[in-house]
Amino acid sequence: MKKIVLSLFASLTFIFSLNATAIELNFAQGGGSQGKMTMELTAEWEKKTGHKVNFLEMPASTSDQYVQYKTWLSAQNSDVDIYKVDNVWAGEFGTQLIDLKPFLDEQLEIMPNVLSAYTTAKGEIIGLPYSVGIPMLYYRTDLLEKYNRDVPETWDEMTETAQFIQDKERAAGNDKMWGFVWQGNAYEGLTCDALEWVASHGGGMIVEKDGTISINNANAAAALDMAAKWVGTISPEGVIGYKEEDARGIWDQGNAVFMRNWPYAWSLSNKDESSVKGKFDVVQLPRGPNGKSTSTMGGWGYAVSKYSEKQEVAVDLVKFLSNRDAQHATIAEYSMPPVYIEIYDNKEHAETYTLLPLLKGPSQALLPRPSAQTSGKWPQVTVAFYTAAHEVITGKKDGATAVAELETALKKIKGKGW
Amino acid sequence: MNKLYDKIFKYGLQIIVIIFCVFPFYYAVMTSLEGSAAVFVPNFFPTEINPKNYIYLLFEHNFPNTILNSLFVAIVTVSISITISYFAAWSLSRVNFQGRSMFLFVILAISMFPQIAVLTGMYQLFLNFKEFYFNIFDLRVKGITSLLWLCFTYTMFNIPFTVWVLTTFMKGVPKEIEEAAIVDGASSFLILRKIFLPIMTPAIFTTAIMAMIAVWNEFLFALTFTATNSDRTITVGIALINGTVEYEVPWGSIMAASVIVTVPLVIITLLLQGRIMSGLTAGSIKG
Amino acid sequence: MKSVSQIRKRTALIFLIPVTIILLSSALYPLISTLYLSLTDAELENFLNPNYVGFINYIENYEGMWYGVLADSLFWNSVRNTLVFTIFSISLEVVLGISFALIMLIENKLKWFVRAAVLIPWAIPTIVSARMFEWMLQDQFGIFNYMLIGLGILEQGKAWTTDPQTSMIVIIIIDAWKTSPFVAILVYAGLKALPNEVLEAGKVDGTNGITQFYYIIFPLILPAIAVAIVFRGLDALRVFDLIYLINAGSKDIMSMTVYARREMFEYSHFGFGAAASTMLTLIIGVIAVIFIQRTRLHKLDEME
Amino acid sequence: MADINVNTVNKYFGDVHVIKDISLDIKSQSFTVLVGPSGCGKSTMLRMIAGLEDINSGTISIDGQVVNDLPPKQRNIAMVFQSYALYPHMTVFDNMAFGLKLEKRSKDEINERVNEAARILQIEDYLLRKPKQLSGGQRQRVAIGRAITRKPKVFLFDEPLSNLDAALRVQMRVELAKLHNELDATMIYVTHDQTEAMTLADDIVVLDTGIVSQKGSPLELYDKPNNMFVGGFIGSPKMNFMPSKILSKSADSTEVDLMGMSKISVPKLSASSSEGDAVTLGIRPEHLVVNGDADGSWESKVFVVEKLGDVTYLYLEKDGEPLVAETEGHSEIKVGDSVKVGFPAGRCQLFDSSNQAFK
């Protein structure tokens, strides 16, 4: 009862305090430090423009956010103006979000490989990225030094080194030691990992830019078979159930030589309570025999709803949030990989954000998932892909069978066209 | 000797049940008290007692507000659905009219539909409701709109269950008691208030607790119908707990939130236990 | 002037009005809209104005290939998973629930602890218990594997929730852990409603515990058990959150609802997903009718 | 105070015709017992008088007023149930006061009436207890007390004593009889126990599958049953029935053949029967003469002897026809003995092929 009275009162006072020019935006976004960063920047924008922004905090889980967005967008909800979007949602939400291409200017010279993820098959740019996810190989400097090993550049080298150190460490009594931890659960994370294996073996990107299904090739099969061999040898059997945090848990305990993970682990593993603080470094992911190092792109951007009644103001805010100045202003505090190439070279930022210079190489090896070219069907494509990959790493199928069957499945999904 | 053996056997059974039921919860409590690194080490007893997760949730997060919202929704939903079902249960258990079995079956059939399937339909209905509501009151009382809508949705999902259970329980009350009251001159409404209500109290509390837990735990609809921080409910509140950085799962905070969420229910059930557990019927009903 | 039973009939109908209004206004619309949706090509873009396409979401032959829910092996796989899950989890829950209820009857110093403890698993939201078990069953730092390794049963931690061989068993056990209190409370209430003489009579006859239970108590609490089974069964057939939270992407445990949800909300195949939901409801309906007929539960609503 | 008239009443449960055209007159202040085997419709009849069941056709009136459509509370009745039907959550006092509270009586009046009833029933010490703290007999008194406090014109009892043990039943029976005298109210009492009916009733109504078999005072029913059903139902042990045949008819008696053993001239007549008809001869065990002088007699072997102290029952048999005879309590007759059984003609009943009694 009290609550009703309070909110009635609140809304009454609100109605009477409305001023004619101020516009109120609703902004759906997540929490955590990203959310905090967005809110701080937005506060500045509010001060500058006099408009007001309400934040709608979304669940931490990306798929929960996704469902909520979908419900809102399918019902053509005009209450939400701005969405924080994942880089793989371009194809899916392409027709529900406005094209931001006309608004791009010299202030927004975002790295082309990053921007391409937000570009639909029709060439519309439906979101402006503000941060990018760059997977890397984490390795233990102390262990590599102890056993006099080089930082691996190929998967084979990594496998060999991992096995060698794991055996030695176990012999020395550290029986929980593993060579390599990564993300093997049947979920989007496995799509990222497996795409890296396949692409770095020269096996293509599942569905190429022009829409051809390329997955059924020997390189791709070999890449998956390689990962299958890790399970139970250099990676725990349980890796087939791992997500990011499971891998980091083992890593932070000092029980892994190598880890494939996103930049977030850098700061967490450098905290005092981590056993590996100061004992590790990162490098570009290894490559296979016929390919080059590849990192599956992650990251988030801002997008404006087609059903928003305040698009102009919303676009203004989105531009404000993702331009250079905003990135410069926040990088020291929030340590998020930027979307402008020159920021990686900034010496000043490198002092506070020690990972930054190390990210430049991998940032050039970024490969977006083929979500733009598969448009609305990406969710089915990724499920089919990670299911196939999971079947290989759990030993149900070999790589060649899996990719052949995947090709058939993808053709069925494609149907008359993407 | 035999008696002692029997005693030990009974205590043994009880302790097994307690451990079986409580251990995961205990483990959650323990995890919630540990720092972020200690979480990754398996152990049976906490290595440290650190209330930071609780402090964070209760003072720096929106969490207390979600508890209030959930309480509001739970209380409104449970009171409405129990009241409505109580009267319906009387009709369905006590009065012989045509189509009674059909009615019960239709109620059951409605609860057969997967809730996920009606989600979009309910959401569209919600948007219409919102428009309608705003047109009438011309006030943008969004939070309350969403919460009221949640109450409505939950009432709809709860009613098949509460009607059925209360009907079953009410059949257990001998019809002579009601007839005695009729002869004494009581109307149906009075019988429900003065005679059945006290007799059915344990059954009503049992049903209410069950309905309350269902409401308290619902996630999908709460996620869809509430959007602003001011009107989120607890399960959504838990889902909103982010790590400081992307991908990090803050186990400690999630477990602390779970403990905070579970404790009120446990307290409520303990307080009402006397009523729930006193047995459904007493005295002359038992003969 | 009306006779008592006429007045009662009228009163009964009045008392049923609120239930009817709520169910009609809120349940019927979404039900019908889902049915309608299943006959359309609704996707994200045209959700509000979809085209009528007939039954192609159910089954369609297009260029020699069969499409539609009924032609999708994954759908039938999810039906099979759901049935396996339902049968085993309900059986386990009924056995555990009755055992708990009987143990709750023991009168001694621990009784309040038992009664409180039994409620805990059920009071914990699924979103939390799924996380808890995921955590406890983790292969490297989960307490469960830690115990098994400590006891020498396992050599290495096992990924219980993702291993295709164990994931279904694990899901069933978690569900049983979580929901047997529901059965326990209904059965306990049923037991408490029995006349004391029934329990006493068994003792005097010298029947031992199990035969006493089987021949005397069990038939009397059967209605309570049947109601518990019906509602738990309906829930189990629609199981969603547990499976979704533990391992949404796995084919080995995918349930009908997870399947329908994925089609609707992940693939945006609203029409197809609605068809899957409709099929799901039909399947549940058939099972429910068979169950109710078999257990003569419908007799429960006959006047004695 | 209150006459009750039941006029051609019919009642159906679904397709089952449970009350068939029953008409009854129950006199004011009488104690009428409806008796019959289970399923005969006696409880339904009572519940229709109470207003708990609808009447399909016919009328029931109390004091000349048709009450078909009156709810129970306007019929000025009170009812006592077999299962007591006490309100479990109320004290004895509140149980008895409930009806009065609904009538909005003053506190003083309620107190007075409840205490008065409690005094009559000797339950004053239990007024503050809950039903579950009482014994079966005490609960039954409370149930009766609940009826008394309302001072109804008509008391309805639905097998009120059948949940009590034998000794208590006898005691309560006496108290009910006393109560009837004290209260001067019309009482209608349903039971399947003919002993209760015989001991309590001014009038007994025997019901058989929905029709009134006979109505009359206990002794009328005992001495002059209208038919075989009543003859067999009233009296314990049951009346003996044996097949026989009419040999001849005279102005004041009918001579029958008793299974070829002897001839009896029974002083009963029936216009509708003629010589050679098969009839049934009925005689109560207590009227058979054992080893003494009587009109017709038999030799029979004894195969069971029941000694009850005051009397002894002999179970006899002749050509497959069982026969029970009563003799004195200290009889010397043993199992296996042969006894002579006499049939005093004046005590015999005759029933025709449609089971109707000769007058």
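Think of it as A, B, C and D in the order they're written, each chain with its own count starting at 1.
Convention: contacts are C-beta pairs under 8 Å (C-beta built on N, C-alpha and C of every residue); 3 or more make two chains touch, one makes a residue touch a chain.
Since the structure is predicted, the reported quantities are computational estimates derived from the model, not experimental observations.
Colleague: Where each step is a move between two chains that touch, what is the least number of such steps from subunit A to subunit C?
Modeller: Contact-graph shortest path, subunit A to subunit C, evaluates to 1.
Colleague: Which chain lies the greatest distance away from subunit C when centres are computed from Cα atoms alone?
Modeller: Using the mean of the C-alpha atoms as each chain's centre, the farthest one from subunit C is D.
Colleague: For the chain pairs C-D and B-D, which is connected through the larger number of C-beta pairs in contact?
Modeller: B-D
Colleague: With chain centres defined as C-alpha means, what is the inter-centre distance between subunit A and subunit D in Å?
Modeller: 90
Colleague: Please tell me the distance, in whole Å, between the geometric centres of subunit C and subunit D computed from their C-alpha atoms.
Modeller: Here the centre of subunit D sits 55 Å away from the centre of subunit C.
Colleague: Please tell me the distance, in whole Å, between the geometric centres of subunit A and subunit B computed from their C-alpha atoms.
Modeller: That pair's centroid distance is 37 Å.
Colleague: List, in ascending order, every residue of subunit C touching at least 2 other chains.
Modeller: Only 4-5, 7, 47, 141, 270 qualify.
Colleague: Touching two or more other chains, which residues of subunit B qualify?
Modeller: Expected reply: 40-41, 119-120, 124, 182, 239, 281, 286-287.
Colleague: Two or more other chains in contact with one residue: find those residues in subunit D.
Modeller: Expected reply: 51-52, 71-72.
Colleague: Which two-chain combinations touch?
Modeller: Pairs satisfying the touch definition: A-B, A-C, B-C, B-D, C-D.
Colleague: Which stretch or stretches of subunit B touch subunit D in the complex?
Modeller: The touching residues are 174, 176-177, 179-186, 190, 194-195, 198-199, 281-287.
Colleague: Looking at the complex, which residues from subunit C come into contact with subunit A?
Modeller: Subunit C reaches subunit A through residues 43-45, 47-48, 65, 138-141, 156-159, 161-164, 247-251, 262, 265-268, 270.
Colleague: Contact residues on subunit B for subunit C in the complex?
Modeller: 7, 10-11, 13-15, 17-18, 20-22, 24-25, 27-28, 31, 40-44, 84-85, 87-88, 90-97, 100-101, 103-122, 124-125, 152-153, 155-156, 159, 161, 163-165, 167-169, 171-172, 182, 188-189, 202-203, 206, 209-210, 213, 216-217, 219-220, 234-235, 238-239, 251, 254-255, 257-258, 261-262, 265-266, 269-270, 273, 276-281, 286-287
Colleague: Within their complex, state which residues of subunit A touch subunit B.
Modeller: It is residues 3-4, 7-8, 11-12, 14-15, 26, 28, 30-35, 54-61, 64, 67-68, 71, 74-75, 77, 79-80, 133, 244-245, 249, 252-253, 262, 264-265, 267-268, 271, 273-275 of subunit A that touch subunit B.
Colleague: In the complex formed with subunit D, which residues of subunit C make contact?
Modeller: 1-7
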